[in-house]
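Right after this note come the structures.
Look at the two complexes coming up: chain A is in both, with chain B in one and chain C in the other.
Now for the complex of A and B:
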């Protein structure tokens, strides 16, 4: 007999965690699984996932396309399209192991590819833009096929289940990366499905997100003017595209992007020094449809590093720490201490205050 | 008679840990030491007892929620939601604490040596002899004392992140009961529309001496030095700030 309202309590609220080594030293997925597993009760088994950077050194110059297919017919259809637009170096199933709690997995495939040079020239695009457009096309026009990730030397691994089980399923302890992010999901407004688990990615951007975006429709309408298609039935994907638009396409500095997305309140802007005040006003005015409203804490991963960010009035939890060359962020302090018991520095992150972790020698994300 | 027990919490799920605590209390044990705590939720939650629990490590969210009488010593940082709706008892945190500490708290005392996060003492309340107290040694985030309906909230600013002010924005927004004391001054723009700074009375000085004295005792600090600096006293303008909001008047 199923329990009724009031007879069961599900304590939860999504969990995020991230670890990076600034020197680019590679480490296995063990720690990130331990960290996100500690926050088990923040999710409810309807979604877990990881983004890993630096995991494919043998194919570092290839785009690693991770795919979900509902059936082999979807795969065949989509592969025709992929073969048409890319030179596929190698493709095959992503290795998984049996985990009793993980069921109804789609067909999970990956391809290491290079865009076909003549097609890129024909369309007169940068390679990244070419790949981004094709990813959008696959997600929009191939029902049952879904691009999980599409960056170089990185990949997303996600599904329906608790994150620690998803990590086990994908054998993440056997991969080595310099940056890992993780998510435990408690879906609120949308169903829990494999494609809807976090991280959400485009090229080498990945987002894990705890919260809810009440500005979703405003953000979506704006981003759609630039050719992005929101197809994944969840608010989080729009954040990925916002970062892609502002950082990759428009080349804005990270600080300006953060100001646009978690803009200070007008009353606080009024008290800034004149020069900064004018700049922040300009950003708020030009990018007002990109203000992300509602409670959130997010980690944006990229090949150059990450940024973690809270909404401006801190409606979600976020803690950061440093130890030697490692930098950590998580929804709870204990999730950091689980893998780094004695950090050099640990702090609670303020609302709208970015935590930026960049690889050595890199100045902008 | 004193009965002690030590529990190693390493890798123990919060439910088992809290069951072990309750079982120990039923066996009349009055001092429990928890070692290697990391992230376990609800420690001390809903327990009516006058035993002491000392916690080594980082206890998880909702520490002491609905707690009714225990004394908790936390040797580490606490996370979010400490003393949520707590009724009675004492919590002494020898580190920092997270967001929403003292949420809807209705009795007992919380002392934090370090800093606290956002929305501390949100909707703390009092009734007759039940007057909850929160003393914070470090700094506090925004929405400090938001919708506070009663109790005493003291912020000392003795330590904390250098780049941060003693208190964030929207301090006392919606406050309609209780008293807040902040060591030093607070810029007016940080105050919610519902609070005003007022002169300290002799009663206030006595009250501060009492509670800052207890704070100093818990953490081995110099009470006189802390009290040497003037405090800002904040109280609400109006006990029912929204009383006319929906009456169509």
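Now for the complex of A and C:
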């Protein structure tokens, strides 16, 4: 039997796509499915997934916990834990439709919850940190249960299959969001485990990623000093934690985070104005273990918007475009033209230069 | 009749047909292994005095000389090897401690040779250093856990860092142990290559202050040559607690090597033995170490990182954690194979542990305690080539020191007789007739060339792994696999087995 993510390190290549409306206008999952479907050949049927923001306006202040369970026993065990730590407003199966190519789906459930105030106080934590820790605890200590996503007014929908089939399976055309990201996976190993598909998420963060980073173990061993447990052994997991550490826990400006992850070359740093040079040099010196090296293109989604980023010497493709209030990013230009044939502006994203899409009125991710 | 039990170690094989009795070998050999018979007008050899340093072989204009192991065979005995028999003869004769130079030469496992490096294929492109930038820049010093910003600017300045263009420095070798020309060669090469050399414990000769930016000044238990000017002369200060060649004991410099220049630089009387105490007499505990670290920081106004160097011993991981918490900015680990000018042979060969294991254990311990970012880790003692450097960085080192390799670049032939002061290559001696054989300009070029060559090789290997900045290799143990190692070894090194 093949080993799953977490039992072995599985690199993978992929396709990614993302669409956002800056004004927060909600639109269905139709476009994102069509965009990722065009890049069918960049995945191999062993994983597809989506992250959607703005889809649960009725429960916007609740953490939406999406779960995979291998069997009902796992579900019962984990629900005891969830009930112990959260007030569950609503819980139930995530609606799916039958798709011939999608088989062996786990039990897929979601809960809209609030942390129990007394427990949060007892642990002396911020609410977000409380939720993040419990998510990691479930993933580590409840075999057969996996937290797919845990943010507010957002959710991840993923599985084993081609992404367009996964989109149909989850009826994503019936959801409406202002930010959608998608992933088609081409892993170099075939565990066929639903939890291993992308996006990988933590709280509001979701990551879709194309590439295989060569700095994995340097990044992992650094991030684990800060209490993270890289249980899946995937690039996507470590990149998510890296963003979480720098953006949420340390409160770094997005620009500094990008500088740390896709640092400019020293020869370019030398040419900066003195003040800027000192700043960039300090970031590269202090955060050198978080430089993400080797090929990658990623889209980090959050409630406030997204950032798309290429590795610093652009070893992976990434294209961006704008049309009115919409902003698009994808592995291939064709995947954008498929849903927006005549963009106002379209460009190939330079290595290490982020494409930042923020909701109107928001200044930082 | 009194018989000398000790036979010569080497046989001088002189080709009589080629030898012109020109006497160059006689002049070149400070050990008096080549002598002149004035009556017969011929050169002859005194095998007993030969140390096999190859100086005569290299300088003989007619290639008339060969040095061989002395063809003397003891009865086979796997336990009582010639080494032990000869050692007993020597000690029965003298009653003294056996001395040795350079590092441990016993056949313990060399873990570098049991580690293999990864390369990218298909899923992740290798990067071509001839066509793409490849960065080796390294900063040594304390890194804060996070940066704070105020109005888009840094809220506070970084702690002082040593900025290196390459992750290889020249290890501590004192003036006294090595010649001024050897030291000048290393200082000039360090400047040329954007790295540092280390003064060792013998102070800083006045002619070397100009290389301050490329100098790490050492403070050892003998406190030789230390004053405020010295402490402020370099880019960092290193407190030497111990060294890999002789853990647990201090440095030894025989009085014969203490001439006028050494005496002035060390601030001791001419001709006096410079014997450093085993411990620092103001450091009997970790809290005492903290006081010395902060005294040095005060003396230099917090402008220089302070390093603490220890020998790799059984409990290095816990000791290193203590050193980090005592306020050191850099920890230097010196392994079992580390070289020296003079050490008791049994200590050199039997005390301490291999650097590979100590490095892996220390790096992991500091990470387990979430303080790895608070110190830089520099390793010394056994680095022979660029792939050793790559493996050390992947295990978790920030940079490496090379001592033996640097001296070999200057011409050392590893005869291990540094303590005699008769180094025919002008390196480990203070005899002016010998030291002038090493031209500092030429030495600097050779030492710089070595660093240049290794840097190129490191870039090739980095690119092969799909990495274009050294920091992405640092502690990246997935880039290593072990071969022919036990489960326990693999666990301590934190690497998988080849094929996994």
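Simple rule for what comes next: the second predicted complex is superposed on the first by the 347 of 365 C-alpha atoms of A that agree within 3 Å, B and C clash if a C-alpha of one lies under 4 Å from a C-alpha of the other, contacts with A are read in each partner's own complex, and residues count from 1 in each chain.
The working rule: a contact is a pair of C-beta atoms (placed from the backbone, for glycine too) under 8 Å apart; a residue touches a chain by one contact, two chains touch by 3 or more.
As the structure is a computational prediction, the values presented were derived from the model and not from experiment.
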item: Which superposed partner A:253 touches (first chain B, second chain C, both, neither); value: second
item: Contacts of A:317 with chain B and chain C, given as first, second, both or neither; value: first
item: Touched partner set for A:94, first chain B, second chain C, both or neither; value: neither
item: Which superposed partner A:338 touches (first chain B, second chain C, both, neither); value: first
item: Touched partner set for A:39, first chain B, second chain C, both or neither; value: first
item: First (chain B), second (chain C), both or neither touched by A:107; value: neither
item: Touching partner for A:60 - first (chain B), second (chain C), both, neither; value: neither
item: Contacts of A:125 with chain B and chain C, given as first, second, both or neither; value: neither
item: First (chain B), second (chain C), both or neither touched by A:267; value: both
item: If touched residues of chain A are counted for chain B and for chain C, the larger one; value: C
item: Residues on chain A lying within both footprints (that of chain B and that of chain C); value: 11, 265, 267, 313
item: Residues of chain B defined as touching chain A within the complex; value: 14, 38-39, 41, 57-58, 60-61, 77, 79-80, 96, 98-99, 115, 117-118, 141-143, 161, 164, 168-169, 189
item: Interfacial residue positions of chain A with respect to chain B in the complex; value: 11, 38-39, 41, 265, 267-268, 271, 313-314, 317, 319, 332-335, 337-338, 346-348, 350-351
item: Sites on chain C touched by chain A in the complex; value: 120, 123-125, 127, 132-133, 135, 137, 139, 143-144, 146-147, 149, 152-154, 158, 161, 367, 370, 372-373, 465-469, 471-479
item: Residue ranges of chain A touching chain C (in the complex, touch as defined); value: 9, 11-13, 188, 211-218, 221-222, 224-226, 250, 252-253, 256, 263, 265-267, 275, 278-279, 282-283, 285-289, 291-295, 312-313, 315
